[in-house]
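Per-chain numbering from 1; labels A, B, C and D assigned in written order.
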């Protein structure tokens, strides 16, 4: 066994840039695990979910904060994401352990690339690429939506008054970053 | 003669001067001017040449309906053809040139067309230019094409940026005239989210062009105050310079905002933004467009719409001449005369087609009732007008009013038809409006100011009420409410000279009559035959008159003859704006493999595969061409070990108690029997029995499978699986999620692959042939504990593995594998070497599984289970798809081994004629095999499996080549598959 | 167009992929005596009405739900949107 | 009346007073040998060839609206015969040969302009497929020419060779392809049929079929019943609606295809250009407008209008290959309703009802087929057997499996 070591190089590693008071950065060590509710055993899964995260699974299109700063996003009838911070590539076994086999889990950490956009220009910039109505009355804090921006699938979450977490596919992270940066440049 | 035609007043800023150029001559204007008003101010009445006859033309209107004052705006790559001078805000250094003339604007050589006009009547070209046959493309058409068209593209890439965006509102108000302002104000004060868009740079609409009073102040001031109030409100988005150009389904509107067009320098920001506005409701308050009257030589520069003349005088402080006659069929012409007189200009005569007393008393203006203007004299301007009573008046401009047409355009965008109102002599919006749209003001035929304001308020109230927002009834400002009288008067019958109906496409009254004579009697046929209304103004000032003349010819009423409906866009939209950012490299996103960076650093050349960029080969120093690299890579994998990033293959994580049963349904072959820790090749059919996709699926656990798809079909296979899961077998416990991007996956192929992997995979995992045989799979760790998946599968035909690590480690993993492989002379290989090796093994890819071929064709007919239910199994059995003499996939090699095969060649039997009837099949894929030392190919040929050793012809007439090829097994290398299991 | 997703509310149709007539849910029995005729009709023949049409849309850029949308093919008015899975179950589909 | 340059000159000199009607406006008779439903391009050309080639003139063409108000009046005017499959290519090449003599044949200048059509190539796989297609064209007697990027650059310097997301690797020309003035094609056929005695009847909507004992005896119309020995449906776009009146379900869905034209421009494009990595094709009309289009909207519809996403997609495709058109403006858009068939190919066939014939399923390729479609349909109507180039365009091919699927997309009409 030779001594080879692997280096972690997620696509937007360390990206952090400000446009005036608006900051765009790639949060470090964002872990994502998908949770699927077994057909016919949903109740048991929801119960396990509650004890694992100390929170109820919200309605589709919504997210809540659970235990240990885990954001729980309901994507569809039988699917949710748990989003949390974890550096090691074992997010899936971690969540599977919490759920104790009551739901199916799949590691999604490396499938996605995250960008956090926060500041006064955030909504104005997103207006250029995001078809979802981000007005606070329509997309309150905690709201989540999967949609398409500049030909790319994106999961957008409102995490604060002017803060949005944007998840897009990791293979096209560069193109998505370019789209968000262009939007910011176009509105400043 | 600087600004000779400038008069007092107006909404221009005289404290500042703007210099601009027209046809290389410098002029001056002021902020607040349009290019049209500034040209008029400088007495530049001649602005362009007409489409067909190259007649001199000038500014005719003051808005987006302008048919004639079209210019090239800016220069070089920024040159923008067919730009309406009436819509261009003047900016410092503006450069415009006139269009559609050969030679100078003043002396256009093609003006000769005007003399030949008798031979150029409507549709003349359909009746001639047919002989000799070949002359059309060579002679006639080039002449017609170079004379036709208007402006010229620079032929250079558009240097500007464009952007797009999405807006959402409760109420979209289209048009910021009195009615639109009132509607927006009503809704905004009720707290609704309002967007108010107007194509003009100054809100107010006609209020800025008229001398009306409103609520005790000037209309202009009221508009400015109202706009200021709206602009101050958080729930309002006031969008000047924004044209709502299209009404689409379910309340979505397209709008174009011109962001930097009015600036000398856009500062690198997008020139225009294309907005998709999602509205719950909309109020269309787009106003009305004045229409002219057709009479002899009514197209000369200096002849303008009466409302436009008033607008130029009141808003822009400009007049087209000092002696302006008025010709009208309604009271509107009188208003123009009154305003001009008030400005101190001379109005020598007002000709009113109605035989009735003057509605107002205008001292010094001669009123001639019941007559019409029959002809005008002049060339590049008007010198005099001749009336039907024979009287001649010397004038230098003529204002014409034929009444007003409500701007119903957007009401027709979903194929709604306007209805005729006799009292207005105009079409008004019909009952079939786009859902959610209401119409207010002049656009709805409410022609007085008081009515427009009231209707704006009422429509906004009603629209918001529909979804529960209550408005407060506010007092309407006091405004004039005189009904205006309109009379039907379309063209002057007594005119002997050509009378223009469509000023841009040069359609005259005679053309319309001729079309009718020849049987083009439907309005649509008339339009198509004469080209009326097909120009850049979409007939805004011409359609109704044309319709009226057709109706008259046919002895019918206008509504009986019908109307033509309007289609998007309301005004033309630049293609660049509709494309937004999606151009050049930004046309579509790039997907990069995890090892992209390493590949870049190691000489890779990249190929586009869908949105992916994949390494096609890695050039090493000294290699002269791509073949050198590819041959080396393919040899390396067959003799030692090669490494290829195969992340792009789709990966679908499938979990659930019914996962195996589900796979049995979606694959032609069986997966429920697959043991945990094993992989199987799977063939997927479409429901019509044709091959759809293939790949390997691994059983990672009792209820857990990982499916791979081809790169091309990753998304659509997922979609089909979801369809099967939700729509066909909804009670199966099975869950899907894509993990394509999550795992960096590498093929490690070749006799030394295991040796290499042993250096990387942590020692506690036994990967010996016994413990981990061909088609095994499992979880391992690499490089000291990093989680990984290992699959013993082979596309190359060698002993091979695919190893997957979390994508974040992919770039590093590629480096590690290559580093660890150094001692074996490992080589990274790209898609080309991958292709070579799969052809050597007879494996299918998209060239073979092209959506036209069956399992029977590729020799896997037996794989389609008839024992269990699966998609495609029934229709695959249709007689024509299971013919014995169907094409079969086989291998080919050139009889002359030095020859290069051509993919796409067709096969013909040795002595058969070269025609479609004798076509035997086609070559799908070819490669040079460095392992065999000659070219090899795969292809489909009739009954191929029974024709081994036969020599046929591979012809490629498009290359002018033909050669003999031998039919051989598709398995060129290691046909027994011994290496795989090594 | 806008599709009012039963779980997520109104979304632009551009997020969806269209398949066709919701009759595609009613996949025939592969073991029926006239399976070939039934599959021919299922796979190839369409009512193609000018008016109310029940059709399948897939929320690909969304929650991956297949929906049955009732839409008028002349006016494009949408009068109902249901989860296809519910419709399939109602139509008797199971495992 | 015969049209000619001399006639135009003479009329010009004598005040254009001698022009007469291009066609009559006859009242429908009670009975005809053949009634053609649909006065679009295909219906009119069927009538024309019935009269001219087969001597059948006791024929009526029934048009619900005005002549040519269907898809002949709302397409992007491209003519070509660059198909792959034996079920299609000989037919389209036959059509091309008819185009080449159309104007002299009909004495009407339909502006058939063989300015070439180019399909751009962006990948090796695409080149392989185009080579296969080009060779099929040769085998069917058509022309094709494969060029590389360097040659293209000389011929079409304005394409984006340097900065393209999907680099241009070459192209396949059919030099004999090009465009024709779509409306004039309908008018030429109408005039030609009318002058040979065919009744072309506008504003006459078919409201039902007279079917007795499995035999079609005529039609009901908005202007009364009309008996006919043979009734020929030719209403692509409305096939579903019309066939439903005869109780037929078809392997067809109705979809809308949008088309676009820019403002008039001086000569910009020499021929037809088709993007190979997106949805965009374009040519320039003799009037100067860039005529362009892309993909269908993709959902079933009978509305002759489309939505914004496709407009944007098409313009993106345009800017991707020729960014010099950014400042040209889209002037007008329109939508045509297409018979999208289950394999992307058309039908010219008898139906299961005696005396009732079907022509439809043209997807968005009907314009170029206009001459051959009419000729072959006339052949079928006159002789009750298919024309040799149209033997595979049968309604029962999905039962037998003899598919004509050029794109290999399968039984999903909106993918063809």
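Simple rule for what comes next: contacts are C-beta pairs under 8 Å (C-beta built on N, C-alpha and C of every residue); 3 or more make two chains touch, one makes a residue touch a chain.
None of the values given here were measured: they were computed from a predicted structure.
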item: Of B-C and A-B, pair with higher C-beta contact tally; value: A-B
item: Separation of mean Cα positions, subunit D and subunit A [Å, integer]; value: 49
item: Interchain centroid distance [CA atoms averaged], subunit A/subunit B, Å; value: 32
item: Chain centre separation (subunit B, subunit C; CA means) in Å; value: 28
item: Subunit B and subunit D: spacing of chain centres that average the CA atoms, whole Å; value: 22
item: Residues of subunit A engaged with two or more neighbouring chains; value: 79, 131
item: Shared-contact residues (touching 2 or more other chains) in subunit C; value: 1, 12, 14, 19, 36, 40, 43, 60, 64-65, 75-76, 83, 85
item: Residues within subunit D bordering two or more other chains; value: 303, 307, 399, 411
item: Chain contact graph, described as a line, ring, star, complete graph or other shape; value: other
item: Footprint of subunit B on subunit A - complex, ascending; value: 1-11, 34, 36, 38-40, 78-79, 89-90, 104, 106-112, 127-133, 135, 138, 150-152, 169-172, 174-176, 178-179, 182-183, 186
item: Subunit C contact footprint on subunit D (complex, rising order); value: 240-241, 244, 249-254, 298-303, 307, 309, 342, 398-399, 411-414
item: Touching residues on subunit A, where the partner in the complex is subunit C; value: 59-61, 75-77, 79, 131, 145-148, 153
item: Residue ranges of subunit C touching subunit D (in the complex, touch as defined); value: 1, 12-14, 18-21, 36, 40-41, 43-50, 53, 55, 71, 73-76
item: Subunit B to subunit A touching residues, read off their complex; value: 161, 163-168, 193, 269-270, 273, 276, 278, 581-582, 586, 588-594, 597, 611-612, 647, 653, 655-657, 703-704, 731-735, 737-743, 759-760, 762-763, 782-784, 786-787, 805-813, 816, 819-820
